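Each of the next two complexes has chain A plus one other chain: chain B in the first, chain C in the second.
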Partner chain A sequence: MRFAVNTWFAERLGDHGIHSEFLADHHPVHMPCLEIRLHDWEQAAGEARRLEMRMVAVWAAEAGKHDISVSGSRALYVYMAFAHPEHRHALLRTRLRDDTREVQSISGHYISACRMERTLQDMFGIHVRNIPDSRAWIKHEHWPENVHPLRADFSVTRMSVEPERNAIDYDYVQSSSQGVYEIPVGPVHAGIIEPGHFRFLAVGEYILNMEERLGYVHKGIEKAMQGRTAEHGIRLAARVSGDTTVGHAWAFAHACEYASNTAAPKRASYLRGILCERERMANHIGDIGAICNDAAFTFMHMQMQRLREDMARMHADVFGHRLLMDTITPGGVCRDVDAVSCMMLMQQTRTIAAEVEHLRSIYADHPSIQERVIGAGTVCIADARDIGLLGFAGRASGDYPDERIEEAYPPYDDVEVRVAEGKLGDVATRIWVRFEEIADSARIIGQLLETLPEGDIQAAWIPPESGVSGFAAIESWRGEIAAWVRFGEGGCIDRYFVRDPSAINWLGLELAVRTVPVPDFPLVNKSFNCSYAGHDL
Partner chain B sequence: MLRILHQIFKIGTVTEPLSESNQLEILGTQLEQAVRKHFKGSLAIRAVDAGSCNGCELEVHATNNPYYDIERFGVHFTASPRFADMLLVTGPVSCNMETALKMTYDATPAPKLVVAMGDCAAHCGVFGCDNYAVAGAVADIIPVDVIIHGCPPTPTDIIQGVLKAIQG
Partner chain C sequence: MRSALVQFFQAGMLLLLAPLLAGFVATCRARLQNRRGAGVMQPWRNLRKLFSKEVVMASHASWIFRTAPYVVFTATVMAASVVPAMLVDTPLSLIADVIALVALLALSRFFQALAGMDIGTAFGGMGASREMTFAALGEPAMLMSIFVISLSAHSTNLTSMINHTLNSPFALHPSLAFALVAMLLVALAENGRIPIDNPTTHLELTMIHEAMILEYSGRHLALMEWAAMVKLLLFSTLIVDLFMPWGMAVNTDAISLVQAFGLWLLKVAGLMIALALAETGMAKLRLFDVPEYLSGAFVIAFLGLLSFYMLEVGA
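This part shows the complex of A and B:
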C-alpha cells in the first residue's frame, strides 16, 4: 500500500504529540503532504532524525491566488522533505505567522539544511531562529538590502545593483593562528569551468579548512518559472544544469505529471530511462577522464573524451541533440526511436561499455595514478550520513540512497538496478563507483531496449486545477533531484522548487579536502564534480 | 605501459582529417592561416562562464577532444586573462557575475576580442532578460565582436565563430 508512506511518519510524529493533517491538494496521492503546527517544526525534524530519515530539502512558498485570506494577505508556508529507505519520501509543511514570519532552524538536526535556510532568509525574508550561520547566501553583498525576490510583492525586473555595497566583504571563516595563510580562488577559475569562490586556510602544504562561496551563477530560475506553462517551462527546467538536462527535465515532468494525475505511457518511460542512463554514462566517462587529467594521466583523458564524443554524436543522430536537451515533455518524450536507431544505440552502448572496461584495467594497473587517488579526499561513513551525501559520492561513502530503487518510478519498476557499495569514501572509491555505474547503466540500457514496449510516446497533457502541487525525486547521474511544482491559474506554474544533488554534495567536498595537500584539491574537486548552476539556480 | 602503447596504437589517430566530407576542412585551414597571420601562430583564449547552465562549457571542452583538437590550429585555452587574446564568454551575465566579468575584461590586454557564445550570451536565452538576477546579454556589459548562436553551439560552430572573430 503506497499510501502507507506518510501514514507511517504521521503516526511516529503522533507518538510524540505532534499533530499532523494530510493536505488533499498535494499529489501524488500516495505521498500527500502533512501539515504540522509551527511550534512543532523543529521537534518534527528531530523526530525524523531519530527515525534515521535523510533530509531532502527545505523550501518555502507563498500561498497562491487560490489561497488568499479575506484580509488579502498571502500566507507563507515552509516545507521540508525527508526520505527513508523503506518508507520513502515524506513532506511536511507549516504556516508561518503573518506578523513575525519566523521559523525555528532545523540545522541542529540536519547540518545540510543550513544553506537552504539561509536561502529562505534571502529569498523570502523569513527569519530563521537559532540558525547557526546567518550570513546571506545567494544574495551577494551588492544587492539592495531589503529585496526578497521570491515574494509576490517583489516586481523588480532588473535589480539596481548598489556599487558602494560592492566593497562590503563576505565574512569568511578566518584563523589568527601563526603560520596559517589564506588562498582565495575564483570566482573565475583557471580552467573551462563554472564560477564560484573557494577560500582556503592552509598550513604549509596542507588545507586546514576550505570554505565555499557560491551563488555567482544565480539566474533567478525559480522566479522565471512562475507564469510559464509546463510545456514552456520544461525548457527552462532542462537548463537548470546543462550536464544533467535529462535528470532535471524528468524531475520537472514527473512533478507536473503527479500534480495533474497523468502517467507517461510505458514506452515513454522506457525511453526516459534510456536517455537518463546514457546521460549517466556520458558524464561518468567524461569525469573519469578529467580526474585522471588532473593527475597528469592524459592518456585516459583523451580516450575517455573520444568515447564521450562518440556518444554525443549518436545522441545528435538519434535524439536530435548532442547533450539530449529538450527530449522530455510533460506527459512523455518528443522523440521516438525506430528499429534501426534501437540497434545503433544498443551496439554503441555495448562497444563503449566494453572499451571502458578495457581502459579500466589499464587504469587499475597504473601505479602512478593509483598512488594519487587512493586515500585522497576521504569522507567517512558517519559524515556522509550526517550530511546525507547523494548519488555516487554517497555510494562511495557507505550510504546508498538510490531513488531508482527507493521510489522505483517507471521504468525502474521493471528493471533491476544494482548499486555499487563502497566504504572508503576516497577519490579511488568514487571512481570505482562510477566505473560500476557505467557498466550497470549499459546493462540497463540493453534491457530497456530489448523490452521496449510498443505504443504512444506522449500522453495528453492537461494541467491540473489551480493550487494543486506535485513532488518528484529522480535519480540523475549526480544523485537525487527533488522537484516540487505548484500550479496556479490557467495551467501556469506559480511555484517551482528544485534541489540539485550538488546543494548537498558541495558540503561533502568541504569535508573531503581537509588535511589534503593544496595541489590535490583539483583532483578531489573533480571526483565530486558538483554543479554550480544546479546549486545557484 | 605496454598496454597503454597498445591501446594508443589500436585506436590510432581519430582526429578528423581535413577532408572534403566535413566542414572542418575549410574551417581548419582558414583558422590556421588566420591564426598564423594575425597571432604569430598562437591564439590564447580565456573562457569565462558568466552565468551559463554549463551546457556551453561541455561543448567548449569538446573542441579540445581528439576529434576536433582545436590546438592543432594554434588555438589554446589559457588559465589567465592576462595573457589572453580573446575572451569566450558564455551564459547570460548574472548579477552576481557582472563585476567579475568586467574585471576579467579589464585584465585582458588590448587589443582584445570578445566572442559571446550561446543563445544565453546572445540574448539571455531561456532565462529571459526581464529577470531580476540577470544583468543582461554579454553585449550589454562588455563590447562584443562576434556572437555564436546555438543552445549550446556545436564544436564546429564554436570553431567557426572563433575564426570569424579573428578574421575581423
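This part shows the complex of A and C:
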C-alpha cells in the first residue's frame, strides 16, 4: 500500500484561512495529522462539519520526553480526528497555552464530542470553554477535583489520592413536571452484565428521557499502556473489551505498524481478516439470541448460544483461545493454520452460516417476536448522521460507514465487502443487518481461506523512533475502532488512545429509547449492545 | 372423618407437588429448546437453599414488608386447600366458593403489591402498578368465565359446580369452550407466564411479578416463590375441576381415590405440557398489548355467557 499524502482536508481548511502544517512524525500519510493554531480549533471543526465529515474522536496528549521545551514544562496537545467516506481520516492537533490550558468546545458542531471533552476535563484538567455540559464524566465524584490521572505528574503506584468524602451527587437531568418520575437502574443489575447506570424520566410507562452514566469499569488502560513495548502492550489492548479482542488488538497493531512503517505479511493480514470476521459472526450470533431472549423468546437464545459455543470451541482448538485473545502481534499474527485447520474452519463456518439461515426463517415466521422488534427503538437517518453512529447500528439507520470499504486495509483490498443497507433504524433492522453480516462474514471467511497465500505470518518488528505516532481505524464487529499510538524512548509507548465504537453508539441508544415504553428498554439496549468496558477504558 | 383426612392429604399434596410441577414445566421447556434442563427437583433445591439463607432487609422496611410473605403464602395455601383435587365433597366444600377463592387470591396480590411499594424502590412500585392494572382487567374476566359454568349449575360453589358437571350427560357446550379459552388466557396472566410476564427474566425493567418481590431474600423469598408455584398448581387444578372433572372421587373408598389422584396428575401434567409448548412458541407481548389481551379474555368469557343464554337455556 503506497498512498500519496492526503492533502484534501488541509486544502479545504486553507480555503477558509485556517493555516495547517503536516506533522512529519505522524503516520500513515493517507491519514495525516495537521497542526493548527489554537484559535482556529472550533472553526476547523465547523469546517469539517460543513464538509460532512464524521467526527471520530477528541483526545489529548502531553508532550513526550522528546518534546519537552526549554522551560521544562510539558506541552499539552489536543487532537481531534474526522473521517470522510472518500477522503479518509484526517487528524488535527493544536497546542494549548501552558498557562491557561483552555480549548474551545466543538460540541456545537458535533454533539458526540461532548463526552470526550468532558473526559479531557477529567483526565487532563483541560478547561473546555463553552462546553454544553461541564459535569465530570469518567472521574466520579469520589475523585478529588484537582487530580488528573492522565497527567505525567499523577503516579499510579503512589496511591496518594484520598477519596473525597463529602462528594456532591452527580447532577442528573431532572424534570419538575407533575407526573414525571425517575427510575434509577444499575450500576448493579439483576442479571450478570457489565455495570452502568441508567436514569429514566418516565411518564406512566413511556420513557421521556434516558440518561446514561458510565465509567464504573474504568481500569486506567491508557495510563497502564505507558511504558510498555508494543509486543507487551498488545496484550493489554486485546483486553480493552473482551468481546472485541481481535478488533482492538488489530487496531493497536495496525497503528504501531503504521508508526514503524512495517507491513504485516499478506498471509498474516488474511489470518487477521479471518479472525475478525469469525469474531463478528460469533458476536452477532450471540447477540441475536440475546435480543430474542429479552423478548422471552428463549428458543432462539438457546440455539444461538449453541452455535456460538461451537465457534468458541473451534477457536480454542485452532487459535488457542476461546475468544481469540492474543492471536495478533505487532507485525503479524502468532498462530498459523495448517491445511487441516483450514478445512475445519471452512466447514464449520459454512455449517454455522447455514444453521443461522435456518434459524432466521424461524425468527421471521414468528409473529410474536416480529411484533416486538418491528418499530421498536428507532434512530432516524438524520440523528444517526448527527452523532456519527457506527457499525451495524449506523448501517441499520441509513448511515453506512465501513472502514473495510473506505480504507480497504488488507485483506479487504482483495475481497469484496457487501454492506447491508438498512434504513428504518429500529430493532428489527438492526437484527436484519446482523443476520446479513453473519452471512457476508461467512462468505468472506470462505474466500480468505480459499485464497490464503503462502508465506510468513510475522514481519520483523522494529519499534519506531521516539516521538513517532501512528493512527489506525479498524472495522470491528461493533463498528470502527480508532487507535492512536505514540512511541517514546526505547520503543516504549508513551501515549495510547483508543476509541471504541461504543463511545459513539451509547448516544444512539439514548436517542433510540425516547418515547419507548419502559419495559422495551432492555430489548433496544441489547440490539445496540454497547460495551461498557470499551467505553470506560 | 375419612373425608377430613383426604382433605388434609389433598392440601398437603398441592403444597408439596407445586415445586415439582414448576420443575416439570421448566424441564418441558428445556426439552423443547433442545436442552437437558436442571431437572424437576430444581425448584425444591432452590427453596431449600433459600430457606437456609439469611434474610437481608432494607433498613426502612415496615411491618408490611416483613409480614407480606406470610400473608401471601397463607392466603395462597388457603385458596389451594379449598379447591377439590381428588374428592368432590370435602368438609371444607362449603367455603369452596369461587368468589371467596378469587378474593383470597386478591388478598395475596394486595399484600404483594403493598410490599412492593413499601421499600420505596422504583422497581417495586413499577411492578405493583403493573400488577394492579392487569389484575383489574384479569379478575372480571376470570369471574365471568367461571360464571358461565355457574349459570348452568346455579351455584358459585365449586363442589356443586363439579357435581353438576359430573351428573349431567356428556354434551359439547359451546359456552364451555368460550369459558375454557378465557380461563386459560387469564391463568397465563395471573401466573405471570409468557406472553404476559417472564418468570425467568433478569431484566428489572420488564418484570411484573418479579419486580414486586425483587427486594426479598432468604425465607421470605422462598415463601413468595413457593406461593407462586402453589398458585400455578391451584389454577391448573381449578381448570381441571371446572372443565374436565370426570374421574374425580365421589366416595372416599381407596380405589376411587387412587384413580382420581392418578387422573388428576395426568390432567395437570397435560396442562403443563400445553403451557410449556405455548411458552416456547411465543415471545412476550408488548406491555401496552396486555390490556388488549385481557379485555380479549373478558370478551370471550362474555360471549360464553351469551351463547349459554342463546343455545343452552331451555334446551
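Here, the second predicted complex is superposed on the first by the 520 of 537 C-alpha atoms of A that agree within 3 Å, B and C clash if a C-alpha of one lies under 4 Å from a C-alpha of the other, contacts with A are read in each partner's own complex, and residues count from 1 in each chain.
FYI, a contact is a pair of C-beta atoms (placed from the backbone, for glycine too) under 8 Å apart; a residue touches a chain by one contact, two chains touch by 3 or more.
Keep in mind that this is a model prediction, so the values were computed, not measured.
Enquirer: Tell me which partner A:I221 touches in the superposition: chain B (first), chain C (second), both or neither.
Expert: It touches chain B, and chain C stays clear.
Enquirer: So, A:I168: does it touch chain B (first), chain C (second), both, or neither?
Expert: neither
Enquirer: Just chain B (first), just chain C (second), both, or neither: which does A:M343 touch?
Expert: It touches nothing on chain B or chain C.
Enquirer: Touching A:Y532, do we find chain B (first), chain C (second), both, or neither?
Expert: In the superposed model, A:Y532 contacts chain B only, not chain C.
Enquirer: Which partner does A:M302 contact after superposing on A: first (chain B), second (chain C), both, neither?
Expert: It touches chain B and chain C both.
Enquirer: Report for A:A190: first if it touches chain B alone, second if chain C alone, otherwise both or neither.
Expert: A:A190 sits against chain B and chain C alike.
Enquirer: Touch check for A:P517: first (chain B), second (chain C), both, or neither?
Expert: After superposing on A, A:P517 lies in contact with chain C but is clear of chain B.
Enquirer: In the overlay, work out which of chain B or chain C sits against more residues of chain A.
Expert: B
Enquirer: What residues on chain A does chain C touch that chain B touches too?
Expert: 190-192, 299, 302-303, 306, 366
Enquirer: Flag every residue of chain A that touches chain C in the complex, lowest number first.
Expert: Residues in contact with chain C: 181-185, 189-192, 205, 292, 294-299, 302-303, 306, 366, 368-369, 371-372, 517-522.
Enquirer: Going by the contact rule set out above, which residues of chain B touch chain A in the complex?
Expert: Interface residues on chain B, with respect to chain A: 3-4, 7-8, 11, 14, 47-62, 64-67, 77, 79-81, 91-92, 94-100, 104, 125-128, 130-135, 151-152, 154.
Enquirer: Residue numbers of chain A touching chain B in their complex, please.
Expert: Touching chain B: residues 140, 142-143, 147, 149, 154, 156-159, 161, 166, 187-188, 190-195, 215-221, 223-224, 235-236, 239-243, 245, 286, 299, 302-303, 305-306, 308-309, 312, 322-323, 325, 358-359, 361-362, 365-366, 531-533, 536 of chain A.
Enquirer: Can you name the residues of chain C that touch chain A in the complex?
Expert: 29, 32-35, 122-123, 126, 130, 194-195, 198, 200-206, 214, 280-289
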